[in-house]
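Alright, structures below, take your time with them.
Paired with chain B in one complex and with chain C in the other, chain A is shared by the two complexes that follow.
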Partner chain A sequence: MNAFLSNPQLRRYLWPVAGLLLLLLINLIISPEFFNLTFKDGRFYGSLIDVLNRAAPIALLAIGMTLVIATGGVDLSVGSVMAIAGAVSAYLIVSGVDSLTVIIAGGLAAGLVGGMINGLLVGYMNIQPIVATLILMVAGRGVAQLINEGQIVTFQHEAFSFLGTGYFLGLPFPIILVIITFVLVQLLMRRTALGLYVEAVGANASASRYLGINARAIKLSVYCLAGLCAALAGMIAAADIKGSDANNAGLWLELDAILAVVIGGASLMGGRFSLVLSIIGALIIQTLTVTIIMSGIPPKFNLLIKASAIILVLLMQSPRFQQQLSSLMLWRKRHG
Partner chain B sequence: MSNATAVLQLRGIHKKFPGVHALKGVDFTLRPGEIHALLGENGAGKSTLIKVMTGVYTRDGGDILLDGQPIFPASTGDAQALGISTVYQEVNLLPNLTVAHNIYLGREPKRWGLIDWKTINQRSRELLKNYDLDIDVTQPLSSYSIAVQQLIAIARGVDMSAKVLILDEPTASLDADEVQSLFRIMRSLKERGIGIVFVTHFLDQVYAVCDRITILRNAELVGEFEAATLTRPELVGHMLGKELAALEDRLHQTTSESAAAPALTLTQVGRPGTLEPVDLQVAQGEVVGLAGLLGSGRTELCRLIFGVDKKQSGTMVFQGKTIHLSSTKEAIDLGMGLCPEDRKHDGILGPLSIRENIILAQQIKQGWWRFIPRKQQNAIAEKYVKDINIATSDIEKPIEQLSGGNQQKVILARWLASNPSLLLLDEPTRGIDIGAHAEIIKLIRQLCEQGLSLIVASSELEELVAFSDKVVVLRDRRKVAELTGSDIQPDTIMRAIASA
Partner chain C sequence: MKRFLRSLYTTALASTLVVASSASALTVGFSQVGSESGWRTSFSESVKAEAAKRDINLKFSDAQQKQENQIKAVRSFIAQGVDAIIIAPVVETGWQPILMEAKRARIPVVIVDRNVAVNNDTLYLTRIAPDFELEGEKAASWLMEKTEGKCNILELQGTVGSSAAIGRMKGFNKVLAQYPDAKIVRSQTAEFTRAKGKEVMESLLKAEGGGKNICALWAHNDEMALGAIQAIKEAGLQPGKDILVVSVDAVDDALKAIVDGTINVSVELSPHLGGPAFDVIEQYRNGKKDFEKWIRMGGKVFTAENAAEELAQRK
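This part shows the complex of A and B:
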């Protein structure tokens, strides 16, 4: 245990993993069937699968958000980008496009354009990330409404709906999409030096400049990637309900995504990132939501409980808090 | 010793970090009205001991008595309220606030409940006059060089000191004159009965101002000594735990065969407002020293050569080719490296590991798609940790957890690992202990024999004399002299710097 604690790489996993395990334990106590998994007609069923499936959009957003935060930025627009991507694919379907490739490419292109706008504003025009992405957060939902012409657009498209409701290898397809995205991004970041560059830019922009790292290009790329992830999440959400609702698709999900990354232990100042930890963060948020529902606590306490749990996790991670705590303990020990 | 004669007393202090026992039962006694040197190698535990005294870290064992009363500072604010003020090794003021605001931060004079800017600015100006620093105190701190920032941090700390003043390597980036003004002020505080703790790696400075000396080695107390009776070799022996291998061959050697091909030629290279046009020749395997006071243009020259700032005039020929750098990446690809002056701001990537900090320059040279395999990264990092003696338990440690001197060694390792053919070192040995100092000079000499060219900016004349084949003296952002051969002596350099 001590060797584990003294390894700085492993120690970062301690609190997020412990938090997730604790939540799962609470669920086990509340409802013992929480961990039941059944396999029927080639598909897995159970609460755990549900949690994973529901967590998919947040997890996708968190993957992109992790990289953005690692560069010292933040992307508030991902929820709106989800809405735009959903609206674009719905638009394509209802205007008679049948090719799944074209529909998906359209949605992804919308996300890429959104990410590019953010990246240019932040990387090349040096606008504060919060402000730069706030623009698209607000305007983006308007764009989605324009595409939908103010309506909720519903559609029928077997192949597209598979993104949200299909099953593959016995698992809901959104889970598969998260796994694929995770693996691709992880390979790109950790099998090349890109991940290191991203961390360098976030850790010390000035030192990166002396090292000849092109911080602008790096920033542009991570916002583009966040846009792509958001677009994918948006299409899953649209496919799930077979429709595009510009007002509600992805609403407030940017906050869940940011929280997932922070719960995973990343610093909002930038620097170190871990995609695995962010995914764990996303799972914690989703599990917490489920736990609150299952425990029979009135839904009006939902947000309050969620906020308290998050504050607790953050406090436990804060070195400042740990320092104050240990100083207090020393004083108490001396004064009996 | 009785408590009555001590203003600050530490007994049996322990401090553990994950994987490191940084202080093992250390005692320290500070009397009022004395200047007390705290010495030891890089990573011995000096800064940690100081941070325990000032509430940055909580001790894991032992007692701290201030005027005989046990204290438990939980933050620097606590310590300050108790009368202990500190200037830390790394400047930790707020770069975006004005100079004056930084000096009065947290103790701003108020008028009708509002911050009284006029008084703040006025008093700051007067305060800085004591340090012969005539600057615009209403500018943001970040608009001044690291050395000036250091002076400002000192002025703030000294101004607040009530009972105890702690100075952790305050002189690392100061030139001789500024060190003298600091000493003058330290002596006058001492007269007023304030106890001063002084950390430095310059032994001359220890003997110049200190009354007593406490030495740490490997997290343990070696002992407490009277400065007047401890000889220099004894002192070094206590610090390193062994005699320092003779530094005899520090003397200048005129090795450079004039036949060596030029590696870098600058003709009238300049940038208006930053540097007047400069001519400079660096031969292969040659070491060119840059001498001059703070702000004389040494750093600016290094930045121009490396492409951090773009030159506006003149031509630059590197290895036979005329080059126009528009980014540092191009300079790195050509085989240059720059170890910047301000290690915290421009050098270290704090949360990244020692390994990553070391391999990054080489990685950038190779391109992002050709990732250096992990095994090779480990090998490179391990090699330099051993070669230049970086004190760490583990190459995976974030560099920000290393002691200051060891961080400096990592940055050096970063550039050495990139196999450069021209290396620019801006104050490379700042904060490095005297044992490692010798190691690094030896290493640099070896590399030069293998054909590496070197440009070294340093405030330490002895150091320049020790390894330069040629010394270029800068003043007021222009080149004023070039010394070679037997002219390279501390006093000739000094004269060139001072002559009007």
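This part shows the complex of A and C:
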């Protein structure tokens, strides 16, 4: 245990994981049915699966957001990109396209274009990331509404719906998509030098430039990746309800994604990142949401509870807070 | 310099003339909540169509479900000096200051749809709105008749604090209070959206042991009901049979679901609020000052018997 705590690499995992376990423990006490897990009709069924399934869009956004934040940026447009990708897919289906490849390619292309706009503005025009991505955050939802002509477009397409409601190996398909995306991005970042470059750009952009790293291209590529992740999340959301709701798809989800990365212990100043921790952050957020629903607490307390729990998780991670807490304990021991 | 001033003066004069000539047509600012549901879209469309028909210059502002956007929009309407303002408020509270500003600028305000909580009802002319409480009562009465007063109900609430959610809940619970064997076992908000309706329903069903003891779902709007029926299906139950589905709005998709048998009943919420709102504004300009503070609209109940007919009529 001491060896575990003294290893700074592993120590980073301690508090986010502890936070998640604490939440699960609370569930064990207030609503034990949370842990009911049955296997019926060839699929797992239970609240734990729901948490994983519903956390999928946030987890996908968080994967992209982690890299963007690692370069010292932030992408506020991912929620709107979700809405655009969903709207493009729905538009293609409704206008008679049957090929799943074309529909998915259309959605992903929308995400890529969105990411590219952000990346060019941030990387090549040197516009502040918050401002650059805010443009697409506000305009993007309008674009999605324009594609949908202000309506909620509903569709019937078995293969596309599978993205949101299908099952594979007994698990909801969105979970599988998150795992695939995670493995691909993790390999790309850690088996090549790309991850190191991303961290270098975030830690010190000018130093990395003197080292010969093309910081602009790195920034462009992480925003593109974030756009692609958002597009995938958007298609899952649309496939889930068999409809594209431009107004509500991904609404405020960019904030959840940033929160997931922050709960995972990443610094908004850029630098070191961990995809696993961000996904744990996403799981904490979704577990909290499901916990509140299962607990039967009147809905007016939802946001208050969510905020308090998240402040607690963040405090637990703050070295300053830990220090003060331990010195308080010490003081009590001496005087008590 | 002198010449410059003179040219400035003439342009200023010319522009006042332009303003004066365009002032003959009525200019109305309309601050809409957003387009979060099919019902809301029909509502916006009906206001736009009605304005075009009456040759009214409509300034439409979509607030994307945020009150601060609505307040900004109303403030800009006041700055532009419109003849009247129509507000469809997103929540009840927080309207006092901006309505005072409108009053000080002598611009009449008509509230449509949801209510505003202000301590002085001279701040607006009238409110044109459906009676949410009555809708809740009608939904509950239908359900109690169908189940003979014995029912465990799951409730999907609308956005917390919206008057639609508060009113529908109040009306429904008022009727429910007369039936000791009927009760709401779980209640949670799904923010009036389809995706949330599905997500929340999934968890509620699991919290109730798979939903076998649940007799009905009471959703505060059709969108949530439409999401929830997908969750009911995925839990291996039949919406409309194993779990009765009762909701409000009667949008096209819900009527189709009623025809398919997955929703049992939907109480209509008329989206055609534009006409009556413009009527009030025109009457006010013709000198009428005392309006009833609440003009009630809608409330027709749609079931399997009359849904198909209505759907055919709407096309």
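One rule holds for everything that comes next: the second predicted complex is superposed on the first by the 319 of 336 C-alpha atoms of A that agree within 3 Å, B and C clash if a C-alpha of one lies under 4 Å from a C-alpha of the other, contacts with A are read in each partner's own complex, and residues count from 1 in each chain.
Convention: a residue touches a chain if its C-beta (ideal position, glycine included) is under 8 Å from a C-beta of that chain, and two chains touch if they have at least 3 such contacts.
Source: prediction; values computed, not measured.
By the document's definition of touching, neither partner reaches A:186: not chain B, not chain C. When the two complexes are overlaid on their common chain A, residue A:47 makes contact with chain C while staying clear of chain B.
With both structures placed on the common chain, the touch criterion links A:271 to chain B but leaves chain C unconnected.
Of the two partner chains, chain B is the only one touched by A:334; chain C is not.
Contact with chain C, but none with chain B, is seen for A:151 once the two complexes are overlaid on the shared chain. Contact residues of chain B toward chain A in the complex are 18-19, 55, 57-59, 70, 72-75, 306, 308, 327-333, 338, 340, 345-353, 356, 360-361, 363-364, 367-372, 394, 396-398.
Of all the residues in chain A, the ones that touch chain C in their complex are 31, 33, 36, 40-41, 45-47, 50, 54, 141, 145, 150-152, 154, 165, 237, 240-243, 245-249, 251, 290, 293-294, 296, 298-300, 302. Residues 34-38, 41, 44, 64-65, 157, 160-161, 186-189, 191, 193-196, 198-200, 202-204, 206-207, 209, 223, 226-227, 230, 234-236, 253 of chain C are the ones that touch chain A when the two sit in their complex.
Residues of chain A that touch chain B in their complex: 5-9, 11, 191-194, 196-197, 199-200, 203-204, 206-214, 267, 271-272, 323-324, 326-328, 330-331, 334.
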